[in-house]
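What follows is a set of structures for review.
Same chain, two partners: subunit A is paired with subunit B first, then with subunit C.
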Partner chain A sequence: MESLKYTLLKIIHVSGLTFLEPVVRLCYGEEPQLQLKKIGRFIVIPSLTFLAFLVAWALIAPVYKTKSGEVPTPAVVWDAAQGVKRFHERESDKQVAYGLSGDERESSLAAVSEQRAILNSLKADADEQVAEASEERTALVAEEMEPLATAYETKKAEFKQAEKRREAALIVKASQIDQRDIDAKNELLAYIRGHEFQTEQERELLKQLKAEQDDVRNLTYAPLQNAMRLQTEIAEKEQYLAKKEEILSKANRSLKLEEEAARLKELKLQYAATTGPDLMPIAQQMLQIEGRMQKIVDSEYAKPWTLPMQIMRSLACVFAGFFLATAIAIPIGVLCGVSPTFMAAVTPFIALFKPVSPIVWLPISLIIVGGVITDPETHWLMVGMSNLPLIGWLQINPAFIASAITVALCSLWPTLVNTALGVASIDKDHLNVARVLRLNFFQRLTKIVIPSALPLIFAGLRISLGVGWMVLIAAELLSSSEGIGKFVWDMFNNGSSETFAQMFVVVFVVGVIGLLLDRIMIIFQRLVSFDGAPAAI
Partner chain B sequence: MSNPAEERYVEMSNLIKAYPNPYGDDIKVIDGFNLKIRKGEVVGVIGHSGCGKSTVLTMLAGLNPITSGGIIVDGREISGPGPDRAVVFQSPCLLPWMTAYGNVKLGVDRVYPHATPQMRHDLIAYYLGIVGLSDAMHRYPRELSGGMQQRVGIARAIALQPKVLLLDEPFGRLDSLTRMELQDVILEILDREKLTTVLITHDVDEAIYMCDRVCMMTNGPGAKVGNLMTIPFERPRHRAEILEHPDYYNYRGELICFLEEQEELKGDRPAKPEPKDGVGEDTHTDLVAQEDTSTEIPVLNDELESHVTDTEMVKVN
Partner chain C sequence: MRLLHESALLMICTLRASLFLSALALCACLPGCSTGEGAVPLRLELTEADLAEADKLAPQDLEIATSGTKKLTLEKTDLKFGFIKLTDCAPIVIAREKGFFADEGLSVEVVAQPNWKTLLDNVISGNLDGAHMLSGQPIAATIGFGTSAHVITPFTMDLNGNGITVSNSIWEQMQQNDPALRSEQPPHPITADSLVPIVKSRLASGEKLQMGMVFPTSTHNYELRYWLAASGIHPGMYTESDIGGRTDAEVELSVTPPPMMPATLEAGNIQGYCVGEPWNQQAVAKGIGVPVSTNYDIWKNNPEKVFGVTQEWANANPDTMVAVVKALIRAGKWLDETDDTGKLVNREEAARILSRSDYVGADFDIIRNSMTGYFYFQKSDKRPMPDFNVFYKHYCTYPWYSDGVWFLTQMRRWGQITEPKPAEWYDEIARKVYKPEIYLQAAQMLLDEGLIEKDEVPWDSDGYKPPTSDFIDGVKYDGRDPIGYLNSHKIGNKDSL
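Up next, the complex of A and B:
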């Protein structure tokens, strides 16, 4: 039991999840009061502030209205996240369905038909509910409209009469004025102005009444909205099931193959039975079918990019850039640390290029990559990578490479500077050990210099990865390289309230992934820090 | 030992070390240092702190360039550092990313490049064993106490099988009990391996207990060998026997006299306040104080008191 406790504490220490420490200690009954106090500080307080943040968000968001609808509340964002997840699951499901064959296909098809039947009854219910709610709403609106409408009509008639009365009175007054009586004329003008003002005010009032009526007419009726949401959901599911059914039946790979195989067999029989020049077209036809069959075997369901896939591609891209940066930064950093002359030679470049924004690097690298890989469809590198087993589906293209290069260019600086610092600040005593042992340059590097600089190198790598992740989203957004950035861009261009909410989902996805990457780097940093000192959080 | 080559196994002749001062003149810290060391001899170098003891040692180690003069070890003039002259510094300076085993292995791999892995392992285990670290072999320096770290440093130095072992105040940072333990560990190793050794120290008792000859250095700048004293106690030595030996206080008195003379030559510098704990501190004021009380020391010299260091003796008095 005790050893388990120490293992747990060690894991917590290495992973930097120190807020869990009081929980473990409390479970073992160690100073409960102190642990509770710590739990209060490191778990309860942060949870409460997060909760307060959610509440404030939920209250403030609906106030602000945009052309993409209201700013989404936490609940709407959660729904959007579910929607993103559902989309991914359904697409994956269709992909599987395309590859099914034999009994599996048939049982799956039966299941889908069953589901569709159930859905149809649900759909009827939903339609009914919508109709009902709609009726209820109409009734409600009518009920609320009636007094408003009457009030409006009465007021309108009243105002019309009043206006007519005033006009008649003014005409009478005008007819009584003498031609030279300027004062009376001025007085009349004042009366007419008063009349116009009155009329204008009455018109405003009527407009206001009309607006009230419009509000009632546009009333949002919660039951109707819920019913309609359910209806849409069912419709979407219906669409998905219909598509899946199609994929399982006539668009299925195995079925298409069977069909072709049957035709081929027929042709073969024909070929065996025929002699003379007729053989030629039959043989050609057979070869054609064989070619088509090969294509079908290789074919895959044309799955659209879903957010989880885009996340994977973004991760692949950030690591590609990060490893490229590491491969450049560490050797140069070591050289800088070892040789002050080299450091002096490199310093202007570091100073000059470090502050350059990713937004500048991206177009440059896009053009350069585009110049090297002029035809991505046939370039050996692109073709080779699309045939690789694990990363083939990522569809690595020039935009991906340009994004990775941008990430590398922006994220190599912290590693470079830290490596140089780590190597330059190596303990003189440790170098004396190397001198006494007469280690050669390579041995000195591997046995003394690099191990001694590792903690600082990893501190730099950690910053680099964080920078890279931030840069990547922007790079993808601009380069239209499939990934999280592209997802955001697509959602922005879509401009509906649903996609607006999905952009908020991305905020959290990016944040959580960035956090995880940082955590992983902290663990590495801890593992290489020989002095046992905890890395900064 | 009559072989002339063995008589002059290490020879430092007319050694000069000069550093430029801010006005561009050269200050000769060491000026005309001459010393011959026999093979297998343990020579102590004693002097006030700042007199240039460590400078001589680092020059012998090759870590510090020589301004003028020459050092010959085993018939060859040295140039730069090398594994034939292993150093144990005041701070252990182990590589913190390697275990005790790894630290010793680094040297062993270098000195025995053609040995089989098994032989190397045996060597490493042997040397860690003789400094008493068989159980702590795979621990990292941060997990070891100061004394244990210094033991690793000693094992690392001896494992190189050097021609000369250079000890630069190796016990300076240790507490008095650990210091005595380590003195015994080193003496035992020196008796067994018969290594030619130079021991830098400012502890008079340590010098008498461990060395065959003590080289007393004059104060810098321009430090040189002021006096040489042979300590003919039989080896292996035992602390209690040495302390009770009738000649012990004669040697001690001579050393302290020399050091006090040096202090007086410097002019009437105000005596420094007594350090709170003697560990790793400059102890020359203690030595002066000790001389006054040296007649009373035999009274304290029983089983327990023999383990008390200089400083603590002063405090008792």
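Up next, the complex of A and C:
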């Protein structure tokens, strides 16, 4: 038992999940009071603050409204997340449906037809509800509008008359003024100014009344909104089921194949029965059908990218960039650390390129990649990648490579600098030992330099990965390479009522993944350090 | 042509070869082709059983089998098309969702693009097979204005569909300048006349009114310029050194991607914009601006988006090209289907599909407004606009040379084409970009399959629409006389060739 405890503690220590330590110790009855205190501090307090954050969010969000939209409440964000998930599930389902054949297809088709029948009855209800609620709302608006509209009209008429009266009075006044009477003329001027001011004020007042009317027109009527939400949900489901039905019936892979096979059979018989030059066109048709069948066998449902797939692709992209950065940064960093001359030579480049933004790197790398891979469809690298078993579906294209290069260019600096620092600050005694043992350059590198610099190198890598993850979203957004960045941009461009909520979903997704990546790097960092290098939060 | 040529060649080959030899060739190539994952064994081999079965068949059975319609040989079946989040991408989306692509044996992925430049670059670089494009884009790419590449279009996607929206404060000032605009439903068309004093007073105080459009060669740019210039406001010229098009401008136009328009207007960076749907209705819904004019008022039934591919792609995939156009024509027809009373029956469903987040993604209500033939100019001003989006009527989908020439005249008028060109040049470029022959081939096949009616396609047209004066300023446009048309405008380049 004791040994299990120490294993657990070790794991907790290495993974940096120190907040679990008091829990383990408490389970073993070690200083319960102290452990409870720690649990309170490291688990209860953070949970409470997060809860408080959620509550504050839920309370503040509805208050804050702009013309572009409302800040979503946690519940709305949760709904949006469900919507994103549902979209993914439905598209995956369609993909499965495309490949179904035989009994499975038929039973699935029957199930879909049944669901559609149920949905149709629901749909009529929902439509009715919407119509009812809409009428109610119209009535409500009309009711509220009426006094406003009459008030507006009367005020408008009133003001118009008042204006006319004032004008007439002014004209009368004007006609009585003597040509040389400066005082009277000045007086008139003041009157006219007053008149214009009055007119302007009346116009403002009318505008306000108009705005009130607009507010009433915009009235949100909860029953109608709910009915419409239900209607939308049903309509979306209906659309999904209709498409699925089509995929299970006429657009199904196995059915398409059967159809072609039947034609082929027919032609084959004809081919068998025919003699002479007529054989030629028949054989050609047969071969055409055969080619078509081959394409059908290989075909897949053209599934749109969904968030889970985009997350996978983003991860692939960030790691591609990160490994590229590592492969560049560590050797250069080691050289920098070993040789002050080399360091002096590359310092200007580091200083120059380090602060450059990903937004600048991306177009440059897009152009370079586009220059190397002129025809992505036939380029050996692209073709080779698309045939790889695990990453083939990621559809690696020039935009992906350009994004990965951008990630690499932005994230290699922390690793490079840390490696150089790590190598340069090796204990002199260690190097003296190496000299005494007459180790050659490579032995010195592998036995002394790299092992002692590893903790700092990994500290650099950890920062690099974090930077890379942040940069990636921007790079994907710009290069329209499928991934979380593209998702963000697409949803933003939708400009729908759900857009903001979807942004919040992305905030959490990106945050959680970033956190996990960071944890992974912490584990590596702990594993390579001998002195239990402290990990920041 | 190519097909005929190939089959003729093959015919000669086989006549020479004996039956035995061709059978041998069949056997040799088949195992290589069939790599099916155990789904259906694909092996073309004649067996004794086939012979025996064939012997039982009566001769007339065979007769019928021979006369089966010839199918297209698709060079490529997995396609990727790009689009911008605007309702007029509908033909592509509908062809996919309603299974018209699938009927042609195509599996099509449609991918949203962030802006028109990236979209065009992706088509040219081969990342996309084809895309929903601005009419001006294939032309500009072909003549080398901006990104240079030979892009063609065999299909016009829609007519009309754009609007000009101004901010609330500009609208108020316009209302003050023209009392007729003060009513709940002001008379249309609204010209830029009431905007003139605003522009003048801004100029006097040393600033210029800023307006947004979506791309230098977009319909929106030309329409906004047309609307302004029709009232004597100079929208600025493009010159060799000024590729922003602001030389001599009284109103400065700048590029903003469509989805960003409402936000940019609200932020005050621009005071008005010209863009496609749903971004005008969005401004009304959010209460940040007022659409003052649609492009239907500026030019009745003007061409809007086209479907563009590179010439290279079309050459490599001639049959796929025809199949794609077939599906798009059917989608257009579906979208414009009406019942006896003239009501568009499928638009509600189309709006529902388009509101999906991977397509246009805006709220259903907003997309529905313009798609179902209504347009909100203000919250209190909802008007029927049955022809706001036309996808099939008026021979809409046919790629007219005269449309291409109009865009060329606008490019010349505003200096994007820097040198004067003779009239023949306009025709030549239009023929290089617009490909009615592909369209007609697809239409003929659809007619044979009974999917469209004979009177829905202008079979014998020479590609030029009859001259029209349906413009906001009444200037007559005849595609055969581009120079005369150029010279009939007050503002802009004039040529004397």
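By our rule, the second predicted complex is superposed on the first by the 413 of 537 C-alpha atoms of A that agree within 3 Å, B and C clash if a C-alpha of one lies under 4 Å from a C-alpha of the other, contacts with A are read in each partner's own complex, and residues count from 1 in each chain.
The definition used in the following text is that contacts are C-beta pairs under 8 Å (C-beta built on N, C-alpha and C of every residue); 3 or more make two chains touch, one makes a residue touch a chain.
Just so it is clear, the structure is predicted and the values come from calculations on it, not from any experiment.
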item	value
Clash or fit, subunit B versus subunit C on superposed subunit A	fit
First (subunit B), second (subunit C), both or neither touched by A:Asp214	second
First (subunit B), second (subunit C), both or neither touched by A:Ala261	second
Partner touching more residues of subunit A, whether subunit B or subunit C	C
First (subunit B), second (subunit C), both or neither touched by A:Leu287	second
Which of subunit B and subunit C A:Asp427 touches, first, second, both or neither	first
Which of subunit B and subunit C A:Ser314 touches, first, second, both or neither	neither
First (subunit B), second (subunit C), both or neither touched by A:Leu269	second
Which of subunit B and subunit C A:Asn493 touches, first, second, both or neither	second
First (subunit B), second (subunit C), both or neither touched by A:Thr415	neither
Lowest inter-chain C-alpha distance for subunit C and subunit B in the superposed arrangement, angstrom	50
Of subunit A, residues touching subunit B in the complex	427, 429-430, 432-433, 435-439, 447-448, 451-452, 454, 530-532
Parts of subunit B lying in touch with subunit A, wherever the complex brings them together	61-63, 80-83, 85-87, 89, 91, 93, 95-98, 106-107, 110, 140, 142, 160
Subunit C - residues contacting subunit A, complex	7, 10-11, 14-15, 19, 22, 26, 30, 33-37, 39-40, 42, 44, 46, 50-51, 53-55, 57, 62, 65-66, 68, 71, 73-74, 77-78, 85, 96-97, 99, 102, 105, 107-110, 112-114, 118, 122, 125-127, 257, 259-260, 262-263, 266, 278-279, 282, 286-288, 349, 352-353, 355-358, 360-365, 379-380
Subunit A residues within the subunit C interface of the complex	67-68, 83, 87, 101, 213-214, 217-218, 228, 232, 235-236, 239, 243, 246, 250-251, 253-254, 256-257, 261, 263-264, 266-274, 277, 279-284, 286-288, 290-297, 299-305, 370, 374-377, 397-399, 477-478, 480, 489-498, 502
